[in-house]
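Naming follows writing order (A, B, C and D), and every chain is counted from residue 1.
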Amino acid sequence: MNWLSLNVLVFSPLIMTLILLTPMFSGHHILIRRISKGFASLHFVYTLLFLVFFNNDLTLNYETSLKLFDFDWLNSLGITLSMGLDGISLLFVILSSFIILIATIASKGIIKSKQSLYYALIFIVETAILGVFCAQDMFEFFMFWELELIPMYFLIGLWGEESTAKKSAMKFLLYTFFGSLFMLCGFLMLYNFNFISTNELTANMNLIGFNYDNVPFYLQVFASILMLIGFAVKMPIIPLHTWLPDAHTDAPAPVSIILAGLLLKMGAYGIIRFNIQILPDAFLMMVPYLVVFAFINIVFASIVAYYQTDVKKIIAYSSISVMGIILLGLCSLNFVGISGAIFLMIAHAVISAGLFFIVGIIYRRTGTREILQLGGLAKVMPRLAGFTLVFIAASIGIPGLIVFVGEFLVFFGAFISTIWNTYLIQIISLLSITVLIFSACYALKLLHGVFYGNLLERWKKVNDILNHELVVLLTLSVVAVLFGIMPMTILNMIKLNVQNILMAFGG
Amino acid sequence: MNWLSDISSTMLTELFITLTVLILAVFSMFYNVKYNKVSKWIALCGIGVSLFALKYLQLEPIYYAFNDAILSDTFTVFIKGLILISSFLIVLLSKRNAKQRYHKTFQFYAILLTGVLASLFIVSANDFLTLTVALELLSFATYFLIAYKKGYLSKEASFKYLVTNAFSTAVYLMGVSYLYGITGSFNFSSINNYFLQHSPTLLYAISTIFITLGLFFKLALLPFANWILDVYEGCATSIIVFIATIPKIAMIAVLARLLAFSLSYSFELSLVILILSVLTAIWANILAIKQKNILRLLACSSSANAAYMVFTLTLVSVYNLSTVLFYLITYIFMNIGVFAAIIVLENSNYSSKLHEFKGFAYSNPLFTLAFSVCIFGLAGFPITAGFISKLYLFSAIVRSGAIFIPFLLILMLTIVVSCYYYTNVVKLMFEKNETNYNEIIHHNAYSPIVILYTCAFITIIIGICPATLIEICKYIAYNL
Amino acid sequence: MINNIFNISLYHYLILSLTIFCIGVVGVIIVKNIIKILICIEFMLTAVNINFIAFGAYNDSIALNGFVFAIFYTAIGAVELAIGLIIFYLMYKEKKSIDIDKYKELKN
Amino acid sequence: MSFFAENLYTIILIPFWVSLLFAIGKLFGLIKSKKIVGILTLLSTFYALVFSVGTFVLTIIEKNYILEQTVPFLQLNRFIFDIGIYIDGLSAWMILLVSIVSLLVQIYSYFYMYSDNSFIRFFIFMNLFNASMFGLILSPNMFQIYVFWELVGLCSYLLIGFWYQKNEVSVAAKRAFIINRVGDFSLLSGIILSAYVILTNLNNTLNVSIPFSNISTISAQIYGCTSDGIFILICLLILLGAMAKSAQLPLHTWLIDAMQGPTPVSALIHSATMVAAGVYLIIRLYPLFSLNPIVLQIISVVGITTALVCSYSALTQVDMKKILAYSTNAQLGLMFLAVGACSTTIAMFHLTAHAIIKAMLFLVVGVVAVSLNHNQDIRNAGGLRKQLPICAITFLIGILSLSGILFAGFSSKELIFGDLIDGKHYIYLSLFLIVSFMTAYYLFRMYFYIFEGKNKFDFEIKEPHFVLNLSVSVFALIVILLWFVLPKSNNVLFAMISHLIAAFAVFTAYLTYSQKKLLKKIPILYDLSINAMYFDGVYHFITKSYKRFSKFLYIIDKYIFDGIVYFCTLNTKMISWFLSKIQTGSVQAYLAYSIFILMMSFGGIMLVYSLIMYFSEVQ
């Protein structure tokens, strides 16, 4: 088991970037595409090996502190590049490597220019995301968090289809940068709390601890709010979400697969790691407000999604509402709610990847994403219609598919959470179940707008999906059905971690 | 009076620099156009020798020479080393500018080295007299350097620099006179002892404010910040590198020493400096958005970074000084890298307008990579040294007390604005250039492109493993 | 000796230097003629000198630091003004006018 | 015999695997001939029929035979949600009924849909529906009911929107699915609320969703420990779910839209099996509902009002399938009434009778429509008695039984009538009689229009496929057989009254059939009936206001959240423009700014200093 090293896992995509950027690949695109697909699948297999050796009864922590050129990163400040995996982060590592594999396969027909730079940037983003999920150190978490900003900026800006691609890429960059700086301020306050109480500098997430006498409660709440702003920007919570619809509509399909699949999850993962684990009392005090935000997120986004005419905007707003459900799950602070939220994160990643890929296929063939101009494509593309039906049903929450289990657990957990004696959370979770109706409205509008109804003249000659697209859609739908029917495989993995998360709340 | 031991332990480097200046001055009278290449080499080996001489200076206990006029300790030696290294790079970069006026290359390097000499003196000054004289010498050198470039613009820039500088030195001297009035002596340590016995009055607060605001001129902080935009646009690029680096290092060293003892007595001073530096950060960053010329943009960024450094300096704790030093070093290297890139562009005669940058990513990728690494370093993105320095800076601000967090949040907003205009530059390079296929010609001067790649490499290396550099800064800061 | 007769104290000098300083400052800002601006700068510098000499005389009559500083600084002030004139001359060749508002090429 | 009961769960899995097989076959284009598809589906339903007959016989032999096989689907540390099967008298009976009807309808639909080009897709959805319907009936607890509840809703959406090329078909499917989702929402919240009550008050039980094995004990505990308000809320939420599924009053319009689907679909799903699921759920939860009389009252009121409204609006309909849809609505209302006022067994009898009859009527209408080349308007279909004799006879048998004159319908209605009298619900009784009058009227009116008089069409009618006639006649046979099976209370009073009402209804139907202009005399009532009490208008208004609301929210999102961000950027750009403007380039301006800042800092210092002096004196 010693050859399973986290450093290889996290930094191998970075090395792949360097290989791709060397001039020897500049000419032939097919070779670049094949190599990156091969590497992505190799990397996915490697992450699965971690799964094999991960015995989920004890939280096996791969505590390895990275020694780069034998210099500890910032040892004098107590900041070490230490990576570690436990149940939740292993789950997300596998998810991110799977989504990146899907994205590389999916970008076959869609990316036509500057392939080597494109795949290089994709692998930098992969390192950043893996780094975020493996980081054990606060500032390392922050570094990887910021590392994916520039590549994503260029991915959206240079390969975006619309004319406003550059503008929305800049909006994405500034918004997330703004959020991450607030998060950094929160980390620094935590770092300072720890120094005040234990008088030795350490930024390691597990060792951070402060006794309550010399750190006043209002400072803890202030730090928690600052961190929450950073995570709220990334996992869009309503007032700070305006970057998502623009970034999605202008990004090419594989990039928005990564954006929707993984980047939104980093926000939620951050809340679990920092707000719930390190500052439990502050989080407890903020729960009622967060629950209200979650409710607004769920209902507002799903109703707004109904009005959109651009297909990608509908899916973008739907992912905002699902992230609202995840936030509701996290705020329920009981075993069912949190494991439901984590399960829903995995489920939403798979489903939104599928939906964005389908939109990519449609855009590639018809050149437009407006519902008004599309229509009746089912006659011309029956197989794509079949797959869209599976993914739309999944995104609504039809049982037997992956999202239903997550949503059911979250609503159930939120309803029975006894954190606050007032019935606030019960009323709000009851009201947020209405999302079933609103999500059905926009999902059906999407399905009928694009596939049913009368076929326009110009889309007569459009051909059905090719085999590489079929492979992607088939794998995604098999995963959706498999974990929809047997959800316990995932829930068992994170059982132990959720329990010790809830230790602080007497869970 | 063992003035010989005084010189050997404190002023060896200044000695060698004065020697090279004299040699250059003498040669400038005899040799004309033919031997101007020699002048560069004389300057370089002069700086090399003085760098080598640094080793002999007194490190451990503070050595006061010439009855407390000059002092030398690890801090001054380190700063002198930094000044000499950056002056070495400047001389390398300024080959093309110097060559414009063939008969004047010797004079150019002579004046340049006098500027370096003046800043060495500023760093090691221990009383206001030597400090004022050295400051004036530095300003004289900068007047001529700015006015060096052909054409009217550099003359106007130099005149503006002169008038504002005169004004700021007047303010600075008014402060010094009042301080002299109170304490009766110019020497830093005696002033310090004076205030150990007597409690500081309002007059003391006013005088220290006058002094620091006067010193803000060279750092281009708010009271006297407007000149920087015009001077950066007006004078030759290598001179901008000189103005951007050497006076800044000297001023930071002087401010570190002055504020170390004066801050503890008057909290109004720290209040004024905090507010002014935050205002400068806001002013500079917002002004930079609209700039169409890369040089004016870098002017705003240099005044913004100076503001961040001064902000952290005023938070009373030794821990902050090491962060400021680290920030200073990384900033200097990234700045020189960016300016080297601009000099490379000017050598292949592109103007410094921003829209000239279009399409570089596709014509010469390696140049764009190095240039964007330096720019992202300035902006503070992950792998680069800028990220580590900003992170270290913020941890110092938060460490020195929760009261400074609102200030920190404002600084963070300005950093977001700065990230906009830095990324804007890089974005332009990736846009398609509809006109010609712009290729960069290196044949006439290889040193700028080499310096650019070295600076980019240094930023990446410091970004990845900054532990050693932070250890050095910590060691220096602790025994100021 | 004169100070005791007319009992001129330190503060009279300080007030004198402050007034000259303010005149210099106002002059630099108001006046349009460049030569006059340079002269006003000289005003400010001499005001500082007066300050030094006054403090030197009243407080620190033994060490004479103030006087040394004043001597040094008069020289430096003169050099500065000389350089100011040189640069003004170089500018003048171009614009042929003495009015400062002509020299506003570098802006916004 | 117990072999059938033990592995009854296979009847859920087999149709699921068959539909998956067809889906993969269609995806990769492996299916060559339509025969395999037909054979496989018929085999799976026949297999289900054999097993359900076996279990039904088992339940009859051993009195109250109960079998529960469950496997945990979700096991979080303290909560268990499990999936499996639960067999008792009620579910065995329901399984038998559903499998019989589905077998016959599938035989019929094999020949009916043979000419359709997306034939395989039809049978994918058909098998999926079978699997989820069996799962719903056999579910051991409320969680599994909800799971299959949504799946059944999805299948009905897919089958309604089968011919998606036409716009109004896809709109109808969309509307049906949304209204079903409203039902699912209320059912889910009901389940979660009851689970919350179970958990907080009696937290010893592990299984949080209400298991049907000890439904009575758990419902007693729930009733015991909750206030009346919450108890009624739980029952209402679950009831609303059932009402959406069986198209009761507020949510009944989707059943009318469902007629856009192919006729076998309406026969199987929208008349016999799926709509009965709501009634089945209420019967299953009868121990819970019966604890509080108000709930039963609500059920019966809902039932009777739906019956009245729908039968009234069926009087003047013109479309064959629409009339039958309204009649299904009305009969379901009667079943609700039976559950609310009489007893669950009577409701079950009426349910079975109605399922068989309505399926037969739909199949007959299917044949008639096909022979009139898909024209479903009764006005231009006259005198078919001569061309389609078997259809006429079976249609007549169906009408007679449904309007309570002869055969199965008579006995079930008689039981309801008898129980209403015993229970002394005279208001319900009178309304019940009005409803049966109206049913008799519109059924016979339909009969006269289609099968009597001279045929008002010119083309030649081809003889329908013999199997279609065969399956319809088998249904007729079962209807007659049922008459003997169902218990007869043979109270003469009901026989006399119902025959009288039916005769009067037939007479009025014939009267309005012969003189068309008679109806024009009462325009208001006629309009009220023709467009079904303007419920469609209400739903149209709701959808329009939802569109406007989402537009309003989008405007908020665009101009407030995005607006603020845009405002900030605009602001900074403006300030930067202003700042670059005040950089006028004149040295004097620069010095003026610096003096201004100097003065400000000094003013600030003076102010701060004086404040400190003031405060230090004050202490």
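One rule holds in what follows: contacts are C-beta pairs under 8 Å (C-beta built on N, C-alpha and C of every residue); 3 or more make two chains touch, one makes a residue touch a chain.
Since the structure is predicted, the reported quantities are computational estimates derived from the model, not experimental observations.
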Distance-to-centre winner among chains (Cα means, whole assembly as reference): A
Separation of mean Cα positions, chain D and chain A [Å, integer]: 36
Centroid distance [mean C-alpha coordinates] between chain C and chain B, Å: 28
Separation of chain C from chain D, taking each centre as the mean of its C-alpha atoms, in whole Å: 96
Cα-centroid distance, chain A relative to chain C, in whole angstrom: 66
Multi-partner residues of chain C (each touching 2 or more other chains): 25, 28, 37, 103, 105-108
Multi-chain contact sites of chain D, meaning residues that touch two or more partners: 580, 583, 585, 587, 591
Multi-chain contact residues (two or more partners), chain A: none
Set of all touching chain pairs, with the criterion as stated earlier: A-B, A-D, B-C, B-D, C-D
In the complex with chain C, residue positions of chain B that touch it: 128-129, 132-133, 136, 139-140, 143-144, 147, 152-153, 155-160, 162-163, 166-167, 169-170, 173-174, 177-178, 180-181, 184-186, 229-230, 233-234, 290
Complex contact set, residues of chain D against chain A: 23, 26-27, 72-79, 146-148, 150-151, 154, 158, 161, 164-165, 167, 170-171, 174, 177-178, 181-182, 184-185, 188-189, 192-193, 195-196, 199-200, 546-547, 549-551, 553-554, 557, 561-562, 565
Interface residues, chain C side, partner chain D - complex: 25, 28-30, 37, 100-101, 103-108
Chain B - residues contacting chain A, complex: 376, 381-383, 387-388, 391-392, 394-395, 397-399, 402, 405, 408-409, 412-413, 415-416, 419-420, 423-424, 427, 430, 464-468, 470-471, 474
Residues of chain D touching chain C in the complex: 580-581, 583-588, 591-592, 595
